[in-house]
Amino acid sequence: MRDILRSPTGLIGTILLTLVFVASVFGPFIAPYDPQMFHAASRLQGPSADFWLGTDQYGRDLMSRLLHGAPATVSFGLGATALGVGAGSIIGVIAGVAGGRTDGVIMRILDGMLAMPELLFTLLIVTFLGGGTTQAMLAVAVTFTPGMARIARSAVLSVRTREYVLAAQARGETQSWIVLREVLPNAIGPIIVEATIRVSFAIMIGATLGFLGLGAQPPSTEWGLMVAEARQFMFRNPWCVVVPGLAIAITAMGFNLFGDALRDAFDPRKGHG
Amino acid sequence: MSLAYLLRRLGSIVIVLAIVTVAVFGITMILPGNAAIMILGEHATPEALAAMERQLGLDRPLAVQYLSWLGGVLQGDFGMSLRLSLPVSQVVGAAFWNSAALALVALVAVTVISIPIGAIAAIRRGTGWDLGIGVLSYVGTAMPEFVTATILLVLFASPDWPVLPAGGFVAPTEDFGAFLTHVTLPAATLGLIMMAHISRQVRSEMADVLQSDFVRAARLKGLAERRVIWRHALPNSLAPAVAVISLDIGYVLGGIIVVEEIFAWPGLGRLLIYALQNRDLPVIQAVTLLLAVVYALSNLLADLVIAWLDPRVRYA
Amino acid sequence: MKSLTDRPVLQVTNYSMGYATDAGDIPALRDVSLSIRRGETHALVGESGSGKSTLAWAIMRYLPGNAREGAGAILLSGEDMIGMPRRDLERLRGRRAAMVFQDPSAALNPTMTLGDQVVEVLMRHRDMTPDAARAEAEAALARTGIRDPARIMKRYPHEASGGEKQRVVIATAFACNPELIIFDEPTTALDILTARQILELFVRLREETGVAALYISHDLGLVGRIADRVSVIHKGEIVESGPVAQVLTAPAHAYTRSLLAAVPRPANRIALPAPQGAPVLMRIENINVRYGEPGWLTRLLDPSASAHAGAADVTLDVRRGELLGIVGESGSGKSTIARAATGLNVFEGRITFDGRDFTGRAALDRRYRRDVQIVFQHPDASLNPRQSIGGILARPLRLYNLVPRAQIAGRVRELLEMVLLPPEFATRYPHQLSGGQKQRVAIARAFAAEPKLVICDEITAALDVSVQAAVARLLVGLQQKTGAACVFITHDLNLIRQLAHRIAVMQAGRLVDLFPVEEAESPARHPYTRALLDAVPLPAELQTEPQPEPEGAP
Amino acid sequence: QNGPRQGGTLRISHSTRIATLNVLSLSGPAEYPCIDMIYSGLTRIGFDNLPHPDLATSWEASDDATEFTFFLREGVTFHDGSPFTADDVVATYEAILNTDIPAAARSSLNMIESVEAVDDLTVRFHLSTPFADLPVSTAHANARILSRAALEGPISNLDTQANGTGPFRLETYDSARLVRLVRNENYYIPGLPHLDAVEMLLYPDLAAETANFLSGATDVMLTVQQADYARIAAAAGIEAKRVSSGRYACVVMRQDQEPWNDVRVRKALALATDRDLLVDVILEGLGRPAYDSIVAPELEFATEKPAIPYDPAAARALLAEAGYPDGLKVRLIASDRPAIRVQTAIALQQTAAAGGFDIEIETMPHDTYLANVWMKGAFYIGYWGMQPTVDATYNLLLTSDASYEDTNWKNAEFDALIAEGRATVDPAARAEIYARAQAMELEDTPYIVPFFEDVLTANRDTTEMWEVAPMTRWFYIENVWLDRT
């Protein structure tokens, strides 16, 4: 962790993430207004003393909506990633450890899934599941699975040929010891790094789905949806699209920077400069 | 690159696409709601619905629908659009070229800009240049297309001082100047993200390569710095960068869906969204298949480019 | 005043420098002085990390960003190099001073043909037209003894052998008739036979051109045969410098002496007396290992595709208490045999161990695995970085139920002591240990199982010469204590002749020779064995018998 | 002064696709102007919402309104030159009534039992029930006359080919971009149309459409969004038009399900709906508050509806009376298309909260909605276009055998009134009957209808005579001319 804080990317990433997590834990409590409340007299306003970040087309306070949307947005990213990474890692580890025919079959299927561009695949699944936050989350998780499985598999494969694993095999250790104690602890690093960076993708895809009307549904305060709803009014009050848009960007950037710093901290080459 | 390798790659593409057809057909067929409902909307009465389903061939067993569809596809016939009263191949074909025009402009612009940018960042590592480019690439990767697009629209296409059109499409064959003004914002949106990815990739590869022994050796041979960079370092950083870019192509193809929707670009992405909303199954199937083919082929192409750049993989 | 021709080509005087790191500045070179004349070869010898390469970089004026130079001067034919502007340096490098690296595969640009990499230097420094440069490059390559230089020029680095690549690098270095050439361990990455040829090439070219050469090496034995003068560097300081014969025969400094002691010499046996009439412990019979069995599609497209034989029909036995050496050039199948015998590779054939028969990998049971232990080459990779040393050593104890639970900690301590490591190391993690220490832990882990046979696959290859000797001695000591037999795989013929009772020679997956160590010089040896032995001549110049090294110094 | 000028190409922009030109089944907003230009019906609704002659020059009804005779215009030809005869009318109506063919007009014309060509220029309709409004129904946008030849060919040809008798004929059909129509030289009204051609240009993005319109790249914006209206209206050289219409979003409350089976709950929600706020926020003021009747105020026989005040206190009291003293928690479903449904739900959620309704909104894709919620759900948002008559309005939704009978509001007395209205030819008597029907509707409040939305369109001021009828089905583009110098 100290390594991470020492690099500028890590530091900025950590600061941004702290901000985002504070917003998603305390946001709903510190929001000045009910996020759904209309202030019919002050529609589409820029920032003012009453409304720090301005209001949207119904005169709802953008800051309150932003703060209320934070938990949904962040937990979407985390949830989708956790599901996708979890499933992917399990599949990848199984493929990597089993090898041979099992590996071949699993990889073929994954190739099939990877043959579709990510967003396209997500779109198909989410349309199939029928829109909505949970569905979108599942869709993103399913989309992440094959890629994660590949990464987990290659992490396992690269560890599997290390000499300490060979030594364990030569010793006659059981398969489960080898997987759980020798391979996994050393393969988990790349998986965690990848997962962190994927959170930012998940958040962006989630927001994009919200934007396309396939994710969160009104009157949700999910940020992508906020942009979509306000787009019609973007020339009358740019704040109402820029504010949630930047919030998404900042969150994604936080996870990105943090993930990169994490990767550097894990990078074995670092020590040799 | 041996013929066997190429054949094997093409073979596996075919297998993968076969999986894709089944998956796509399966998914689209179990989508809730059907095209007949979407066409008739609230004017649907049960008889009208049944009649429409019959007319559209939706009342046949799934397997029959799949096989007849697949048979058609193999002969290049994707059937009729359920919604657009046109053969799917015609609808999708037109959209494909429009998308290709957009993607091509974006790709060319991005490649021309981002490779030198990444290289400069690596060469001037740790300077303001590097920092600036780094920040740009982080911001670029963290902004979903729809946010970038919206911000660009607010900045450049506000009706009060429209610098560029807010969207729409003019065919390059019709009026090339107008095509360029129309393509600028969507291409910039797509490009910003690609640029962030590519320049970052080039930067990190280049930074590694600059540390490598053969670059040292080149310098110690007394070669001019220009030659060291362009002849020794860059070609070696491009191949791994292209490998990563080829993975990004999927991301870009996804980005096209959003960008086209926002900028009203009549390409595959827009068509897909329209088809999804209207349950126009033949169009969904064709677009998905086409995108998968494009994706697979561009990956193959990327591999060929890598082989061209890196003799080590050429004969693998 | 000396005449102009007498002026040293390279003169380094009182040069110091260091590296800035997170932990503060660390000195890398201290007050180094050195001078080389035309036609002279000056060797620089020292252990890993002593600053040899740093000095080379400093001379070439190619230092990393964190280098901090102190006082001192570096003169090339009297010209000050330190103050030289960048443009001049660029023109000087490659023309007046050139360098040859350790690893030719890394020093060549993988995306350019070998020819282009020679040609570009000629065009740059000798203002040749492409065609002239091409012709000249071909001639330069021909001078290095490459057969068919025209064809080699069209190849890419990965299409050439290590020897060919190093020849190209050397040809490039000599292409502009430089005044000075620095060789930074040019043969360490090559296998024995090729290394030998490269060394001969070096000697020939130096004589032909009369270039001044700085030859960096960690191998005193080798240096004795090629250098005129030698400087011994230790922790950035030149501790001793002088004519080679003088330094080698009458070393003045203790560090030089310890370096000399570590040079393996067959005559200086450190093995136990050969076990007389000991019974056979393990017999491997007609072992075959195949790699890369081609798939049906490949076979269809390319009927000639076939599996690669890693080991072919190898038959071999190991006696109780014996140390059997296996030698052979890289890729000859040494590791393959080790991996088959420890159940890491699928194999065909039969292994008889301690009276029991095994006919395939699946048959190897836990008892067998306990009795046969293996130690690997890379100290960094052979310990799980996430487990403590104590945990690593305790594992075999637990796995084979060797000692009651309560005594495990005590036994771990004993094991550490056995390999001459302090017991506190039990709580450390692998990255906190040096390479030699890690290798000791790996050996301790193997002996923890109380095996009957330990297979050591190049366990000293990644270590410094001095550490290498200590590890070898430790192994023999342990063998003596436990009575275990040992299979010792290595490249280093001199080392194995110090250690082994019998030597097996492998070539291209086959066992070509097997003989008791005393018969190494016998004319009955296989020609391949002969070639290997010739490639590593005895360090004959070392006439004095060095003092024996106290056990486990570094 | 200068009268209509001849010539020029009118460029109309629209933002929804012209996915088909099949008159029988199309329903897209931009498809209607196309068929209005290409085809003619027997009758056509004017800007006064009354039926006018089109291919039929006149008609007469039997006294019991079960038999109608239409006299057709002479000398009319289809665009391909073939003559128009009574036989084409028969073929068209038979197709509309054929349940094997999807036809949107069937539900408005299903009282027709048979059609008969009396001679080449006379057709007679025999009805199964009396129906005084038949000339209105024959004006149905999807009941335009096709040639028998076209109907006997493959039905799918109708999607992309068009052979009508209207003022323009189809030249180019590209569903992704452009539909181009050119002047029919043989239009039955000599001298019309004024225009040489009309281009329907698809701008799938509103911003793009607006920008192009403002810059003069198009002449007419078929539909203007409420959010853009003020800005467009203020632009120089632009005439923005606002046409009061009977289009509305409504809250559907299923009468056979708790708690909506209790009229007090429905009335409470009516009182808890701030109609003025909704008109303001959702329609940007471009509409009128409505007071829970689905009958458009423009229609003949429509009555004036009493205003319902926003009175949350009264709503609470009424809820308490109905047995919900602590308020009521309900789930309101809104399809995602068009956006106005969700907007209505969100605004309703806000205003009804004060009246004791705790509304949770569920938004869903349109097809899921159509398949699972529409006509089944207990509480959801509907959205309907204006119908041509009171009879059509009620028969679409409220009578017991209505086509889309979504509230399950059954009232035999009401049904009888509507039936009686159909059979009554005398206007005064009909007015009386329909007034009673509307009163009954208001009394029971089967729907909350918070507002009527205006139809918004705009043209450059060089475009003369561009008008949109409230129902947005009839456009009379043959009268439009361009004043470009």
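Labels A, B, C and D are assigned to the chains in the order they are written; within every chain, residues are numbered from 1.
Here is the rule we use: a residue touches a chain if its C-beta (ideal position, glycine included) is under 8 Å from a C-beta of that chain, and two chains touch if they have at least 3 such contacts.
Bear in mind that the values here come from a model prediction, so they are computed numbers and not experimental data.
Enquirer: So which chains are sitting against chain B and chain C at once?
Expert: For chain B paired with chain C, the chains in contact with each are A, in label order.
Enquirer: From the C-alpha centre of chain B to that of chain D, how far is it in Å?
Expert: Computed value for the inter-centroid distance: 41 Å.
Enquirer: Using Cα averages as centroids, what's the distance between chain C and chain D in whole Å?
Expert: Here chain C and chain D have centroids separated by 88 Å.
Enquirer: So, what's the distance in Å between the C-alpha centres of chain B and chain A?
Expert: Each chain's C-alpha centroid was found; their separation is 21 Å.
Enquirer: Quick one: report the Å distance separating chain A from chain C, using the average Cα coordinate of each chain.
Expert: 47
Enquirer: Would you give the residues of chain C that are in contact with at least 2 other chains, written as numbers and ranges?
Expert: none
Enquirer: For chain B, write out the residues touching at least two other chains, lowest number first.
Expert: Residues 31-32, 153, 159 of chain B touch two or more partner chains.
Enquirer: Which positions in chain A are in touch with at least two other chains?
Expert: Residues 127, 130, 235.
Enquirer: Among the chains present, which pairs are found to touch?
Expert: Pairs flagged as touching, ordered by label: A-B, A-C, A-D, B-C, B-D.
Enquirer: Which stretch or stretches of chain D touch chain B in the complex?
Expert: Residues in contact with chain B: 17, 19-22, 25, 27, 99-104, 106-107, 155-156, 159-160, 175-177, 203-205, 207-208, 210-212, 214-215, 231, 337, 365-368, 370-372, 374, 384, 403-404.
Enquirer: Once bound in the complex, which stretches of chain A touch chain D?
Expert: 36-38, 40, 43, 57-59, 127, 130-132, 213-214, 217-219, 232-233, 235-236
Enquirer: Over in the complex, which chain B residues touch chain C? Could you list them?
Expert: Listed in rising order, the residues of chain B that touch chain C are 3-4, 7-8, 11, 212-214, 216-225, 227, 231-232, 235-236, 239, 309-312.
Enquirer: Could you list, by residue number, the parts of chain B that touch chain D in their complex?
Expert: Touching chain D from chain B are residues 31-34, 36-45, 47-49, 51-52, 54-55, 80, 83-86, 91, 94-95, 153, 157, 159, 162, 165-168, 262-264, 266, 270-271, 274, 277-279.
Enquirer: Looking at the complex, which residues from chain A come into contact with chain C?
Expert: 162-167, 169-173, 181-182, 185-186, 273
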